[in-house]
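Following are the structures in question.
Next come two complexes, and both contain chain A; in the first it sits with chain B, in the second with chain C.
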Partner chain A sequence: MALQSLDIKQRSATTTPAPQARQTIEIAKLIDVSACIGCKACQVACMEWNDVRDEVGSCHGIYDNPVDLTENSWTVMRYAEVEEQGKLEWLIRKDGCMHCSDPGCLKACPAPGAIIQYANGIVDFHQENCIGCGYCVSGCPFNVPRISKKDSKAYKCTLCSDRVAVNQAPACAKACPTGAIQFGSKEDMKDYAEKRIADLKERGYQKAGLYDPAGVGGTHVMYVLHHADRPGLYSGLPQDPAISPTVSLWKGVTKPVAAAALGLVALGSLFHYVMKGPNEVSKEIEKEVEKEDAQ
Partner chain B sequence: MIRDPKDLQRYTASERANHWLVGICFILLALSGLAFFHPAFYPLVQFFGGGPWARILHPFIGVLMVLAFVIMFFRFAGLNRMTAADRAWLSRIGEMVDGNDHGMPEQGKYNGGQKLMFWLMTLSMIVLVISGVLMWRSQFSFAVDVVRLASLAHALAAVVMIVLIIVHAYAAIWTKGTVRAMWYGTVTRAWAKQHHRAWYRQMTGK
Partner chain C sequence: MTNHWVDFKNADVVWVMGGNPAEAHPCGFKWVIEAKKQRKAKLIVVDPRFNRTAAVADVYAPIRPGSNIAFFGGVINYLLANDKIHHDYVKHYTNAAFLIDPGFRFEDGLFSGYDETKRSYGSKDTWKYQMGADGFARIDETLQDPNCVFQLMKKHYSRYTPEMVNKVCGTPKDAFLKICEIVATTAAPNRTLSYLYALGLTEHSNGSQNIRCAAMIQLLLGNMGMAGGGINALRGHSNVQGITDMCLFGQNLPGYLKAPTDGDKDFATYVTKRTPKALRPGQMNFPQNFPKWFVSLAKAWYGNAATKETNFAYDYFPKLGGASDALSIFNDMFHGKVNGFFCQGFNPLASLPNKKKVGDALAKLKYMIVIDPLATDTSEFWKPHGEFNEVDPSKIETEVFRLPATFFSETSGTLTNSGRVVQWGWKAASAPGDSKDDAEIVAELFLTLRKMYAKDGGAFPDAIRDLTWSYNQPLSPSPEELLKEINGKALVDLTDPKDPTKILFKAGDQLPSFGFLRDDGSTSCGNWIYCGTWSQAGNNTARRDNSDPSGLGQTLNWGYAWPVNRRILYNRASADLQGKPWDGSRTVLKWTGSKWGGNDVPDMRPDAAPEEGVMPFIMTPEGVGRLFSREIMADGPLPEHYEPFESPIDNNPMHPRVKSNPVARVYKDDMEAFGTAKDFPYVATTYRLTEHFHFWTKYSKVNAIMQPEQFVEIGEELAKEKGIKAGDRVKVRSNRGFIKAVAVVTKRIKSLEVDGRKVHTIGIPIHWGFKGTAKPGFITNTLTPFVGDANVNTPEFKAFLVNVEKI
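Take a look at the complex of A and B:
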């Protein structure tokens, strides 16, 4: 939905600058994995606030349910059991859109205004402009967007842009019983994370750290990880996510260059005609043929 | 309708219909494809009833084009084998473009440029079908790296194809008396003698 109460910073398939006069602060959601108990209150709050209901699935023998993000499940808890120094660790990560500063989905999207990045950092899909091509799926380094089989529109976490617009924290943050989901300005969230990381280090997690990957310009959903050196432990969180070079090449300089080349070939043809004249059958040959006919 | 009984038959009615079907599909594909290609072209979706319709229709028109193209390919592939005379013609293409065809080697039904065009279009078409199917999200779901590569390949092959078709159509417009071959199927003997002399000899026995 087009939220005019939020300033727009970037808009998909738009080549002119967005309005920039107003300077607003960047927000962020901080997910402290070390404080998560895997209760899924956030998952339920997300369904509740956003009025999305997934199908009742079946048991896959693991806690993940549904097992993957869908057009109706914009956040999913992923449970990984790993052994660290002879101890079992249950690493539970709330998966969903990271709200990248440099969003691959937005870069790939061909439909003007189907993907919006607000000045506060939230990346939002506006389904009314979405054409259902799925380019955003190719563009995203985190495998987040899902295309609905019902309406062919792309869906993902909105970071509750409608709540944030009226100064409310996202529904998931509101519902979390342990405070594992914090919400505020990006700066405040980084400060808060620092304290959490210092605490974790004291408790023996020497590699604890903040996940705010620079490859996508930082994110507006950040994680505090006990093993920040190995994000892959957390159900395959990417180590150094970045927009794929193939996507950058596809959506980068090649497009304007190719468009210009097409224009040049078309114009070149016209000018060739105007400057060289048409390639007509010569009078000489026409006469030859006429002569043959007369015989 | 017969304008001059001595005109030379260049294309049969079914060859012409086949070619027009490919041509119409191409125009629709280029218009809808370019709409996704760059924001400057996005308004082209209006020809198809908006963005979602352009997205839905494009791949189906693509499949139709491939079918029509394959039939056309088998009709004309034999006539498009490169020979030494074609290579000689191609090596002097600069003179032709300059508008001076006096020194050009004698050509059969198709000249070296047309043959090269035929094979380049075939190649582009192959890349377009394969990559197009790979990126067809509403029907298939391939590994994301494959889809990314396919998207890049599809966009590049589409640009090559559009350039080829512009040159192809322009060559027909530039060479007066050619376009009628696609309307009535015939060309004048003088046209054939000037542009495709070996074919002219073969057809007239002169």
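Take a look at the complex of A and C:
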């Protein structure tokens, strides 16, 4: 359910217009990679606030653990050792949902109200409406959502929408010991980033800059990077992320058709759910997605 | 540390060598980031590994484990040779001008007075100051006398050229010189460097001298006593500072009072030996108050039994018969000389070097009592856990009792952080099951023993019979009662020495400062440096006012820093001879015309006018900081590079005849257990990870998820040579045993060219064991050598030899 204090801007597979009486400021989380020490306090805070736990895994020969995002790990640190011209850097990036202004997941989602974008910019998954189709996964240019094996629903960072709704910073930002995760209005975060970028440039990082990619309309999780010209150095942060053309098509010209189609999909899924349970449904729909993607 | 966590934000340069605060102290490290953000501070990291701290550093240089003194010596040489020192500070506030005995020598790696048969400096007479006819040390303010400390230092460190640093440490010359340049900028009176270190300096056979080097550099640069300066030990546990303060080292009584030894036949001998005379005129020589601290302690412990007639129960105090450090105790245990062992909040099987020896030692006990919230590895040393702990319980007769204790959050009381700030914490949760607070466990044990002594008699029951135990509930002394007792109180009405008609404190009043302690039995105090924590004003450690009019983060009303709520030690040195701050924008202390004022509690007699010439280092009898430590250290008055006991090179490049620390204590069987570079060609170093806390958090699921499985770090070059890929399992062997772990192959550990030979380093985190929630692992200290620092016997965990192979 949407929280009363969070106005909704967009709702997946919904044509009802969004409320517009109130104006909310856009918020953003700024991750200053140059101040990040990779301590994983953000990962722990995320697990504890959201009450999710992965299994105790194993060491894969790297510091990353858990080694990837999962339905229980909504954020992970990615450690990249980059050595150029004899200078070694350990670029550590907190990975997770970017909360795009133009969210590919929401665009792709056929389930009414499973993905919400609040007026403040947060993109939230409402699992009770999720049909587990996995479209959000293909719709995401950052490869973030994960489908739970337990309930076949999609999970990802909520930007602590519950905390933000009551004027608290996300758990990760609160836990970050070095202030590498800042939280506030998007405007303030951009101002803060500017200062950090100026400092980095003074320290010799000529290409320091803000990562707020235009291809997804900007994001509500932004990075300060020492090498903003090459985001790929940071464990494959996309250079120019954009929503896949298939998704754009699905939600663009063919929107009326899509609306009808998703109604059918939803009905179908309900039917399947009643008859066979959730896993079967998702598999079937995944296949459809794959087929569509392949075309 | 001399300064405190928040003070890091005041630094212009932060130098981390021998620590990894981003990894082990992430919360405190925020103040380093703050210095970078707000003061444009430069962060220097010198470490064998490009670690998490290095990830945000401005300059990083690699160094071979165990070669710190060569690096430091190089920096000292750079500062002296390039005249990059704070002249006025060095001249007046250090012993640079002091004249040393003309017989002092350093030749072929040894200082004068060495006795090879005893592996010690039998005579340290030549390390002493020249004494004048007036009974004070002689000085030469021109610093030109060839026997003055300044000249001796210059000569001693001239051998530590950048080339020599490169040869011994493997550090590239350009990186070394770049660091020297940045460090040297802080010789300016208005620039400071904060030196941060942890066990990377201490856990060596020359650990104490490592730390002295850092302190000497800070003295040369004039950074001691300054905001944003100091030499800052980052303690490895939220209360390790408190543990040290309260004397959990056998050599000390609470408050760093040296414990009596067999040689101290009577009270007079003991006290006289430990009460120094001033070495320069007019100095505070604060340790001259030793009798007040000791007598007040005796009153706290033995109450009415401690009287002038009984020499304040001096005979009740245990007398040390020899070494009493952890290594010596376990060595005695290993040789069957110990019957019982109380193991309280300690996991020696995992924490001490050479697990095999420690396990064998525990197996020779008749009984062991483990007081701990967790079922530690030590408490199950007798139990087979596959190859992680291969033992035969049928051959072990040690009876183990486990007494479940509480965690810090399950009881109220104080923690003392690295910045000496004592902070009260409130109980957050009740402990599960039958577990009891440590104080309750000890109380019950003590009261039972005392009853048994009263009933059955026994040898020397007096010390137990007469111990004070005046708690409301004898079986459950409260943390409040304990802190009050530690703080101390007036036992009779105390009058003002200047005006005997004036009563300063009524009998029973809590005292506000150790300045009021007396040596006549009229005051009691369980730990003189904690006097003031609980005054008549109440529990000062519970104060939570973070207002900071100084802007320096001094927050004098937050908790209570020992001593006397002083936040920066030696703060008199932050001002020049006239009492004017070296840097007015960061005033710690200044002379106001009638007294010392500013933003801290003066480390000086408050009304000592600058003209009186009372120097800032009030805890030394000379009143100044010691560049030359005279006869105080076991292994020399000036730090010298010695190789680790397991070294990858054949000789000490500084002096081939003396390779390793010539006075470090090595037991015979441990000497035989050392490996050589022929069989164990790689250097290993052990350390902590941010995801875990010692051997504790392996029981916590969240930590276990973050770093689930034991690994070792291997440089790409060595990995390639050995055919090891990231994620492979490898076996790491030393001459004492082996561990198996996953290989993390990394660019962050480089091979180094040392003395003409390529040296690879393997990094080994410590956190795993056979008990817990994380994947079971080997105890890293299976590998480490049983040898310690020459002065305090901290084990050499940071530099030893191993071999590695893919499984």
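As a convention for this text, the second predicted complex is superposed on the first by the 254 of 295 C-alpha atoms of A that agree within 3 Å, B and C clash if a C-alpha of one lies under 4 Å from a C-alpha of the other, contacts with A are read in each partner's own complex, and residues count from 1 in each chain.
The working rule: a residue touches a chain if its C-beta (ideal position, glycine included) is under 8 Å from a C-beta of that chain, and two chains touch if they have at least 3 such contacts.
Remember, predicted model here, so these are calculated numbers, not experimental data.
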{"item": "Which superposed partner A:Y223 touches (first chain B, second chain C, both, neither)", "value": "neither"}
{"item": "Touching partner for A:G132 - first (chain B), second (chain C), both, neither", "value": "first"}
{"item": "Touched partner set for A:E202, first chain B, second chain C, both or neither", "value": "second"}
{"item": "Touched partner set for A:Y211, first chain B, second chain C, both or neither", "value": "neither"}
{"item": "Chain A residues contacted in one complex by chain B, in the other by chain C", "value": "none"}
{"item": "Residues of chain A defined as touching chain C within the complex", "value": "34-41, 43-44, 47-48, 53-63, 65-66, 81, 83, 88-92, 177-180, 196, 199, 202-203"}
{"item": "List of chain C residues in touch with chain A within their complex", "value": "22-23, 26-27, 29-30, 33-34, 36-37, 40, 50, 52-56, 58, 60, 690-691, 701-711, 725-728, 742-748, 773-775"}
{"item": "Touching residues (chain side chain B, partner chain A) in the complex", "value": "6, 35-42, 45, 51-52, 54-56, 97-99, 101, 135, 137-138, 144-145, 147-149, 151-152, 155-156, 159, 162-163, 166-167, 170, 173-177, 188-191, 193-195, 206"}
{"item": "Residue ranges of chain A touching chain B (in the complex, touch as defined)", "value": "13-15, 110-112, 129, 131-135, 137-138, 143, 147, 152, 244, 246-247, 249-250, 254-256, 258-259, 261-262, 265-266, 269, 272-273, 276-282, 285-286, 288-289, 292-293"}
